[in-house]
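Below, chain A partners chain B and then partners chain C, in two separate complexes.
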Partner chain A sequence: MPEPQIEETSAALLEVDDLRVSFRTRQGAVGAVNGLSFSVGKGEVLGVVGESGSGKSMAMYSMMGLLADPNVTVTGSARFRGQELIGMPPKRLNRLRGNDIAMIFQDPMTALTPVYTVGWQIVEQIRTHTDLSREDAWARAVELLDEVGIPDPQRRARSYPHEFSGGMRQRVMIAMSLACNPALLIADEPTTALDVTTQRQILELIRKLQARYGSSVILITHDMGVISEIADRVIVMYAGRAIEEGDRSEVVRRPRHPYTWGLLGAIPRPERRKLPLATIPGLPPKPTVTTVGCAFAPRCPFVMDKCRTILPPLEASGADIDHLDACLLPGGAEREAIRKEVL
Partner chain B sequence: MILFIGKRLGSAILVMFAISVMVFLIFFATPGVDPAARIAGRGASPEVLAQVQKTFGFDQPLPVRYGLMMDHLFIKQDLTSYVNVGEKVVPQIVQATPVTLSLVLGAAVIWIVLGLGGGLLATRFRGTFVDPLIMIVGIAAVSMPAYWVGEVVNLITQDKLHSTVFSWVPSLGYAPISDPVQWAAHLVFPWLTLALLYGGIYARVLRAELVTAMSEDYVRTGRAKGLSERRILWRHALRGSLSPVVSLFGLDFGSLVGGSALLTEVVFGLPGIGKLTWDSLQNLDLPVIMACVLYSAFFVVAANAVVDLLYAVIDPRVRHA
Partner chain C sequence: MTEAASEVILRADGVVKQFAQRGAGRATIKAVDGVSLEVRKGETLGVVGESGCGKSTFGQCITRLVDLTAGTVEFEGTDISKLSRREMRPIRRRMQMVFQDPYSSLNPRMRVGDIVAEPLRIHKVGGDRAIRRQVGDLLDRVGFDPSMAGRYPHEFSGGQRQRIGIARALALNPSVLVADEPVSALDVSVQAQVLNLLADLQSEFGLTYVFIAHDLGVVEHVSDRVAVMYLGEIVELADAEELYLAPAHHYTAALLSAIPQLEGDELPLREQIVLTGDVPSPADKPSGCAFHPRCPAATEICRVERPTLRSVGEREIGGRQVACHHPIALPMPAVRKQ
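Right after this comes the complex of A and B.
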């Protein structure tokens, strides 16, 4: 397929600006994503982390046009190679989806159509976007299955999804998503439904294939451990907003937002096994309740009066100008000192 | 798959055998009832009774009697009605079968088209006025009893408008398929009448299934793959949604061919199985009743076996069960 040439000038592959997703409900409009901005560079692995309900999956689905519900309103901008995704007509979107932007989902048990063989489903993907013949597409499907580590791919291509284990099914999903060499792979909690050993294999596989194909990856997860393993850059989301953003090593080693401290503190560590596991007290805010000020304020151990009235902007508060956070606590070394008390 | 087919057909044959035994026991081994007198009919002479005793072997043990009965029914096919003296039972059924089959098969084609079309259209245009419109038409079709619709149709086509628009409609009754044009002309309104009811049900069932399927994860995968909505609906959602429709069809088809099309048959004067069963019940014509019951059980069991095989074709997960 000839690649359009217009967009290669911009450095970022995907630029999201002030993305907002809201649902119309009986209680009025409910914001799931409240002004999210980020960008993904070529070949970059961006980790998006946050609790359930923080809007991370919603943001991705809204960009991909997967929120077909008439009660959903999506505003803002998401430009992929310069093309605006929000409001793109379905026909054009379908040329991008699965071809330039591929997705894998949380639950591989239900993400494949149960009544077709996995080979058939990969062939369908290939033939939707290319002119390959049935035989060539089948050969390519077998090749892909081999590449993601499915043993005996020739035979397994003729198997149905229910004949695979969870981890193997996620491998099939990955094979399918890579079928058209996508520039961007969005992985929505790809390891959440899998057991721990399988999780690691799947992450390694994504990492390996990412290096091989040079795709950019957006990895959505609620697991800080996953992020620290494969992401280049990290966005921490809370209540539909990014509250911290930066290079992986910066965010993991020198986190600046109290919420990130809580997330990192909740990872079990062998040297602290005698201590009770740290948790963040309280629950994420209900999206039906509109908060003035910082959404994390009710759960924050360092909350100040102004936190409840002022919405902190996402900006650099320390030495690294690419490390952003949305917190009103004093910046610089003072913040480091506060962090050392808890983490 | 071949093993599955073999197993399924084997169990169907077993079920049919069990049904034949049960029907036989109900008719001939119910305590306190003299089956000979029942078969001979009301006010039969002692000679007739003696003849009945002999042909059905009532002086012999039960298994032998069962064997004799099946011999009369299936091998010699000379089971005789004593109510309508001399009338052989099996030929009556053989004669009525094509009538009922013509009626039900034709109607089934129409209601499947209506049901699938209605369900798919309603799902495709969900959120517009088309969806509720189809569903309302569906519920109206389900709510109208076949005999009433049939009478209204007859009133219009045979009487009110018979001199103008519907002058081509032949008088009530059945014409054999050897003359296809007459056959179809006789059956077109019975078909439509019967299909209306089932088409409404099928459209509603299919729509419910499709709407559920369209919110499945694999539909989201399909969208993320860049498939068109049409392809997602037809190739992905429809396939899984067909299973309940197929099982419904098996039950409906089996029982309709087995005599449940009675009301339609009576209204349109079609001498089918339903009509035959009805008449034999009126006369308490025991051999005919028994033969009708066995015949209808045969179709229900056969239809269910076919449904299970279709299930396995539609859904690979069933094949290994």
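Right after this comes the complex of A and C.
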């Protein structure tokens, strides 16, 4: 049926297709993102999980035009509300950034200017993208600080970033990103530098604001626990590719890719106290080495001969057609049985 | 194991570490504010808390990397709190440290073999050949081919470097290893490798660990007992399993409820406690119980009187200790595994 399909594509806010990012280095071309495709629906929280070097941040930076370096090549397509972001002229992209798409980073200290008050920085953000007067923009800035839970926002708007704690700075960043009510918020490890009780506060805040404004969120993290708390859908990345994708509960409870098994098995769990943790042998592949076949094959306990020659496509292998994985192991119940041996 | 009977290898008593603040009229910060605890031979004692709680400074106090402002540290029966650097040398052979950042804790200009051999050379343990053989054994023990000894740290990944740091710490055959955030810079799959290695080494060499970390999941996993710190003080000290099943201090409860949980994990039902505000600065420590401004159960007494760490629960010795005027009632004595 063609009709519902059209509806589905129009519901997607962001559609990424075969995104590739490579760096020119002295050792030759290095692929950071090697053909990533995904979409984000309206009001959806998409969790992107992967270890260092999996390409999760690079993929987002490349879409946002933040990798403006002659040694970086970005190909593929990323359509936001139907507009192609890859290759968009910087001026147009600038208007989109902040206005429709906002981004928050792991380290809020480096993302804020130390020499201006936070109020000033939010006002600048508002005035760049709207025609509010300086006074109105200031009032809005105070309102935003209040909304993200900064006590005494009138006074705090006149403070400098160094006068805030890490958690409070991340709140300021969120206030800033919300200034123009963006349709899409990309949060790159927003809680990684924070203590666990502060992380809890920030996650609650993102969830609350997402519900209020109906924005879509891409949350990049290495922490499966964080994903499990906040994401609707999850993409697991390895070596610049998505190797598993599906509903949060599906991926967390019934993961289908051996790498995801390893990731989940490596997390200490209360009921397995003092028992050895599952580990993934070896190390992630060096981006300088191009692999034929599955990039996880050298570390995979279930590797078969064909894994070294065939690049497994990302497709459904079980009953849930929205749960995709890139693995050549037999699908269906057989895969479940293999998983239960290890996880 | 009857815990009360097992030998105490390290005892901290009223440890205080005060730092002078720069400028600002010679104000001082008590990073560690009267910490007393015992570490028993062969156990893993976890020390957990958020940034600024003093857990790392406490680790530096018990290893005498810093001088104590007050209090004593007794190691294998000797009071080491006032020993000079020279007098500390033989002690250091028995008590080693593993650090958080495997990128800055290894000298980038030294070969891995020399890094691991350095403690042996400093303490003049054996001749060149014996040392080389021992370095090979150590590298092998932490999962490297001895031929890797000629390489430099930059040729290794974070997890591999941490294993090199562990090999160096083990070189002198210590009895206690104080590990300060040994896995927090590592990816989760690599973190698991290092945690498993530490567990293997512990049972192989009968090591005692003081494991300092902010990650409650990791601390629970590795520890026999856990001390929870807040603003320089221990607020709760208990058997790891008991602590995680039923915290007695309101801060511990909040900390536990803040851990992001994997869906489908079978955990005790936990009320979501979202703390408001930030941890106050140790320079501006609240009166009475330091946690009272954020505590849901705080009353007048909490504002004025600092609670002492006292035993609660069914066991007098080796049982749970909590520093709270209104501790959370513990459930009926848990059925303990034999």
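Note that the second predicted complex is superposed on the first by the 334 of 343 C-alpha atoms of A that agree within 3 Å, B and C clash if a C-alpha of one lies under 4 Å from a C-alpha of the other, contacts with A are read in each partner's own complex, and residues count from 1 in each chain.
By our rule, contacts are C-beta pairs under 8 Å (C-beta built on N, C-alpha and C of every residue); 3 or more make two chains touch, one makes a residue touch a chain.
What you see is a predicted model, and the numbers here were worked out from it, not measured in a lab.
Colleague: Who touches more of chain A, chain B or chain C?
Modeller: C
Colleague: Which of the two partners, first being chain B and second being chain C, lies in contact with A:Leu46: first, second, both, or neither?
Modeller: Neither chain B nor chain C is touched by A:Leu46.
Colleague: With the two complexes superposed on chain A, say which partner A:Arg97 touches: chain B (first), chain C (second), both, or neither.
Modeller: In the superposition, A:Arg97 touches chain B alone.
Colleague: Figure out whether A:Val74 sits in contact with chain B (first) or chain C (second), or with both, or with neither.
Modeller: A:Val74 contacts neither chain B nor chain C.
Colleague: Just chain B (first), just chain C (second), both, or neither: which does A:Val217 touch?
Modeller: A:Val217: touches no partner chain.
Colleague: Where does A:Leu19 make contact in the superposed view: on chain B (first), on chain C (second), on both, or on neither?
Modeller: In the superposition, A:Leu19 contacts neither chain B nor chain C.
Colleague: Is A:Tyr160 in contact with chain B, with chain C, with both, or with neither (first, second, both, neither)?
Modeller: The answer is first: A:Tyr160 touches chain B but not chain C.
Colleague: Kindly classify A:Val30 by the partners it touches after superposition: chain B alone (first), chain C alone (second), both, or neither?
Modeller: A:Val30 contacts neither chain B nor chain C.
Colleague: Under the stated touch criterion, which partner chain does A:Ala278 make contact with: chain B (first), chain C (second), both, or neither?
Modeller: Second partner only.
Colleague: For the complex, which residues does chain B have touching chain A?
Modeller: Against chain A, chain B makes touches at 127, 216-218, 220-229, 235-236, 239-240, 314-317.
Colleague: Can you name the residues of chain C that touch chain A in the complex?
Modeller: Residues 50-51, 157, 159-160, 187-193, 195-196, 199, 214-218, 220-222, 240-241, 244, 254-255, 257-267, 274-279 of chain C touch chain A in their complex.
Colleague: What part of chain A is in contact with chain B in the complex they form?
Modeller: Interface residues on chain A, with respect to chain B: 64-66, 68, 70, 90, 93-99, 102-103, 105, 107, 110-116, 124-125, 128-129, 160, 162, 173, 176.
Colleague: In the complex, go through chain A and note every residue touching chain C.
Modeller: Touching chain C from chain A are residues 51-52, 151, 165, 167-168, 195-201, 203-204, 222-226, 228-229, 248-249, 252-253, 262-274, 276-280, 283.
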